[in-house]
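Each of the two complexes below includes chain A, the first together with chain B, the second together with chain C.
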Partner chain A sequence: MDSAQETVALAGNPNSGKTTLFNALTGSSAKVGNYAGVTVDLKRAEFHTPHGRKLTLLDLPGCYGLDESSPDQEIARSVLNGSHVKCPKPDLVVSVVDASNLERHLQLTLQIIELDIPVVVALNMVDMAEKSGLRLDPVKLSEELGVPVVPIQANKGKGLVELKQAMAHPFPPAAEPGWKVGDEQERRKFGLNVAQIAARRPNQQSSSVSDKIDSIVLHPVLGWVCFLGIMFALFWSIFSFSGIPMGWIESLQDFLVGQVEGAIAEGDFSDLITHGIIEGVGAVVIFLPQILMLFFFIGLMESSGYMARAAYLMDGFMSKVGLSGKAFLPLLSSFACAIPGVMATRTIDSAKERLVTIFVAPWMSCSARLPVYLLLVPMLLGGSEGGSTQAAIFMAIYILGTLSAFLVARVLRGKLGPDEVEHHFMLELPPYRFPQWSYIFRHVLDRGWAFLKNAGTIILAIMILLWAASTYPKLDSDDPAKQLAHTVVGRISAAIEPIVKPLGFDGRTGTAILTSFAAREVFVGSMAQLFQVEESEEDTETRSRIRDRLASETWADGRKMFSPAAVISLLIFYIYALQCLPTTAVVAREAGSWKWAIGQFVFMTVFAGVASLIAFQTISFFTR
Partner chain B sequence: MEDWQSLAAIATVVITIIILLIKANSGKGGGGGCGSCGDGKCD
Partner chain C sequence: MPNTIAEDLTVDSLQSLSQVQVGYDFQIKVLDGPGCDQLRKLGFCETLQVRKLANGRNLICNVCGTRMAVSSELAKQVKVTPLKVGV
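And now, the complex of A and B:
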């Protein structure tokens, strides 16, 4: 019996299902998706064999071979070579191969066998392969390779017991390669030969369902129509189906305020709880249904295989701005959050392209911007809640951010110059699969919980501090406007109003923008607080939604404060400003330079300010 | 009645500042804009 715990590594091509298998074996919940490049870091967990032996399982980033150069694939290569600083050479490698793509996936398996490590092949997605007409022969495959082969369906948990048994002690011996070690030509020939023997396709000419769908969604014209149609449906659903749950959250908020007002007499503490905390945090939490819906659709696209098609569609467009299709998936991840997006740039081989992608990733509208957009977009329509018009404006916002990012990428790419070595992009188009509902719902719950946790920690803290700043020092006056002007917020507002007024904002909106540099969603809560303190008597009826309160605000001369020009200016500011400290920290780490991160922050903030200024002044000029 | 309310409100604000300072010093502060991601990679 070994005293040291042995290590098993999961290796395989991108999108072969390694992470799904990792989750199934260890009970973890690492992110999975039906597209390449989801895992960019080393993941580790423990699991037990059927005989109760504890093993450490490593999930390596996907790679097509052991001679590639992007940072994520370098991790996989160094672990398998035994040269990784934090990780010993694995005692056993489970080579995960997609049964439908044996010709290509076996090449990595053969390279691992050359390393003289015990190997077990997990022949994954056998159901999909058989459905596509392939006749698999795992026994023959095992004989040819000289290693155990276990057919599995990782997403359904099938074949896992057999796989664990194949990992039981003692590990199978390292196989003798049946080709000349190190000779790429021979290895390739051997792999193709084995694949043909082990996976036969009797009716090779018939096209699969995936091929038929792809003939439409990858069509040069129809493909774009489908892409835009899917995006429109996504945004339309976000607006149309979330009204009822939002109403529930609003009712809960009213109920809580009523309870506090009933229990505690009027005073500072009661005001802090009701106006500061419940209304401030509530103004952000109310957008939870939309956040959940956005992640449900993202999960659906990832799980079904459509995400890879979107990347394929964008590849030609991306090359025009000097980025390869490899940059598209990190940019796509940034629509959820820039942090995993920035981390996903590790799949990019070219260091220059990686830096450019990191630089522009925060311009993909992340989900933290969603509450701000959801507050402002309906104000543009004067209270009309037309789902399709709002969806169209939303699409325009997302397209503006994306196109601007591409434009800046093109300029930056030109400045950084071409790469010394030419890099090629290979994108795998996985077959369409039925969405994994359990994964999607877990993903949606995780994201929803993260949103609520954020609301209950950082947003709560900022709301408490903002309440204090808009309450103290106190002035003995009955005029709420005079009271506010005397407070810290009043003084800050007065100081910054001359700076933000040309952009169409008053001092309070400027202050709300300042508070949102910690986290964008804070803006909504801050607006809810700062635009209610003037109301002298607050009861359940007057506590209408924040949007109505903002719509009725006027300047001293009677002009509407939140005119279309001002709302568009605010929207533009939020599309471009980099108001996320964790992103700046991650950019500094990934780019290996604080200079790059700070440069990005300054550039985006200045760009946002100038773009808002131009938008407000131009629209005001033409609508005067 | 007014006094205890002012005191409780100020105490809440002070506790919030202390918690924020402790979190900032432990290196886990720095805003929560990424919170919506849920990937757990922020740390």
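And now, the complex of A and C:
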């Protein structure tokens, strides 16, 4: 970037259409800048004015004012003051204002004017404001504020040329505040007066389409019917539709393995590429369709305006465990992957509630647990996959994780005590809008890429390490069992067997559990490798072969190794254990403390171990 | 001070947003309580018009064309006076 290049910052209240404007101005060149240690995202891109001048555009986090100390507002304030370490002080601020709500949105504009920076007001969503009967006067607004005002419709790309003209060189001078700078009361009064002059509201307010929809979706009874129906449709779609793209990824993986095996001579290097890297990384990539679908549905709910309604409905229920409706979205996201779930807690006002939500989020059964459940649950049902009993057990697993999370949240919230500043539930219910498809797809792709980048790189490293540990040191023997016992992994298995035996597992299962501490989904591949099951091209067939092999395994005294007690114990371990290093890293960053992340890891691991132990010993006692 | 007493009497005679009936328009007269800053930040300012849309643990209202869900605890801190008969 040219150091002399000027910077324009987009600032505004949440929901004012900033990101839509940012994307409309910058097109496909927009990128997300996720700086380490910063708790909110800053977006940065470049664009050209009508005169061909290149400018840097910053999308600041949405905020209601600059006088609060929450992390997002701190970011916005530090950027506008020029004290942010990664961003220069902007040369111009475009204050994005929702035309339907000038009374509130102008307050931030006035605070920015007080900072003595040139300001241009982008009066957004003028179509919706006028449709609601509001009579806008942008010229009057410009005169009163002393800054250029440009009416726009960012979602339809209208008014962008005029806005770019207003940003052309030379920038407008910084406006003279028409109130006593720093006097909040005067500033507020000034803002309300300007809003009344520039936007005349109709005398009679009529019910809008959103009001009519809300009368159903927020109804005490019908609202819950809608909510449960939407949630059911969401999960059903994720687990049924994603099978098709998952099949494509499997085929691609097999194709790549075939190509490598054909091109490279058999040996350690070929083995590392095929079994270590392609199959290892493939084990993560396989879940990408489910993750993308969940993000797509969440994006749909956010974009349409339903998400705020769901948070409203859930608030009463969540309050019983010491959380608020705002914790609902992060917990829902965690069913796909705890990483975006933990990141979504940024919207929670109360710091203590946020910490508790981060703590329990990994107990929402994420999609990485699915392969483990798919392997183990049929072992309780005589080996066959599918059927209503399996569906019921799956549902019980999800409910057990969720209820346990709520129970721990309640205890932890009580231990942390009340907030220093009491936070009450307060949420804007935006009008329903048709989803912005381009935004949703961009969001889904961003999240998908972040998932691959965060999880894929770590998985790749672990897979290479695991491959090396289960290959070396080599033994001069053709017996794979003896070879494995001689490797680092084999020696670890022998060492940990006394520890995991009370839980119902032998050393090999214990080692498979150990390998899956980096990522749960590794478990299936590890079990196949450690119990020497030949993997098939079909995942279903591979799981079936592993199950047959496990079913025939016995202890030295002839007892069945994978009894129902042992399988249930294993399932319970996977419901509760925090086996995901990227999640731990994200928790440390979001909670601002490695102590919290390590505490969570230790607690969940110990809890999983104790719960498995109790389950195995109790079931064994009664079935003996 | 007489003014303060008069103001106190006025505030005492006002109803809170949590007390008033659904479907009617009101004018916000006073914000009185520890949640004032939070309320002002989201657009609940003195002199503005508010319509109450639903009751409950979190009540729903419309302030300057924006629908808001507000906890009844916060709504108790918004003192209003009737404006006119609603729809």
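Convention: the second predicted complex is superposed on the first by the 317 of 624 C-alpha atoms of A that agree within 3 Å, B and C clash if a C-alpha of one lies under 4 Å from a C-alpha of the other, contacts with A are read in each partner's own complex, and residues count from 1 in each chain.
Here, contacts are C-beta pairs under 8 Å (C-beta built on N, C-alpha and C of every residue); 3 or more make two chains touch, one makes a residue touch a chain.
Since the model is a prediction, treat every value here as computed from it, not as a measurement.
Student: If you stack the two complexes on chain A, which partner ends up touching A:233: first (chain B), second (chain C), both, or neither?
Tutor: neither
Student: Return the chain, chain B or chain C, that is in touch with more residues of chain A.
Tutor: Tallying touched residues of chain A, the top partner is B.
Student: Regarding the shared-chain residue A:100, is it in contact with chain B (first), chain C (second), both, or neither?
Tutor: The second partner, chain C, only.
Student: So, does A:209 touch the first partner chain B, the second partner chain C, both, or neither?
Tutor: neither
Student: For A:339, is the partner it touches chain B (first), chain C (second), both, or none of the two (neither)?
Tutor: Touch status of A:339: first partner only.
Student: Should A:446 be classified as contacting the first partner (chain B), the second (chain C), both, or neither?
Tutor: first
Student: In the complex, go through chain C and note every residue touching chain A.
Tutor: Within the complex, chain C contacts chain A at residues 25, 34-35, 38-43, 45, 47-49, 51, 53-54, 56-58, 60, 62-71, 73-74, 87.
Student: Which residues, counting only chain B, touch chain A once they are in their complex?
Tutor: These residues of chain B touch chain A: 1-2, 4-6, 8-10, 12-13, 16-17, 19-20, 30-42.
Student: What part of chain A is in contact with chain B in the complex they form?
Tutor: For chain A paired with chain B, touching residues are 31, 264-265, 267-272, 291, 295, 336-340, 343, 366-368, 370, 443, 446-451, 453-454, 457-459, 461, 464-465, 467-468, 471, 517-521, 579-583, 585-586.
Student: Touching residues of chain A toward chain C in the complex: what are they?
Tutor: 64-65, 68, 100-104, 129, 132, 134, 188, 192, 201, 204-207, 210-211, 214, 218, 220, 308, 312, 315-316, 319, 325, 422-431
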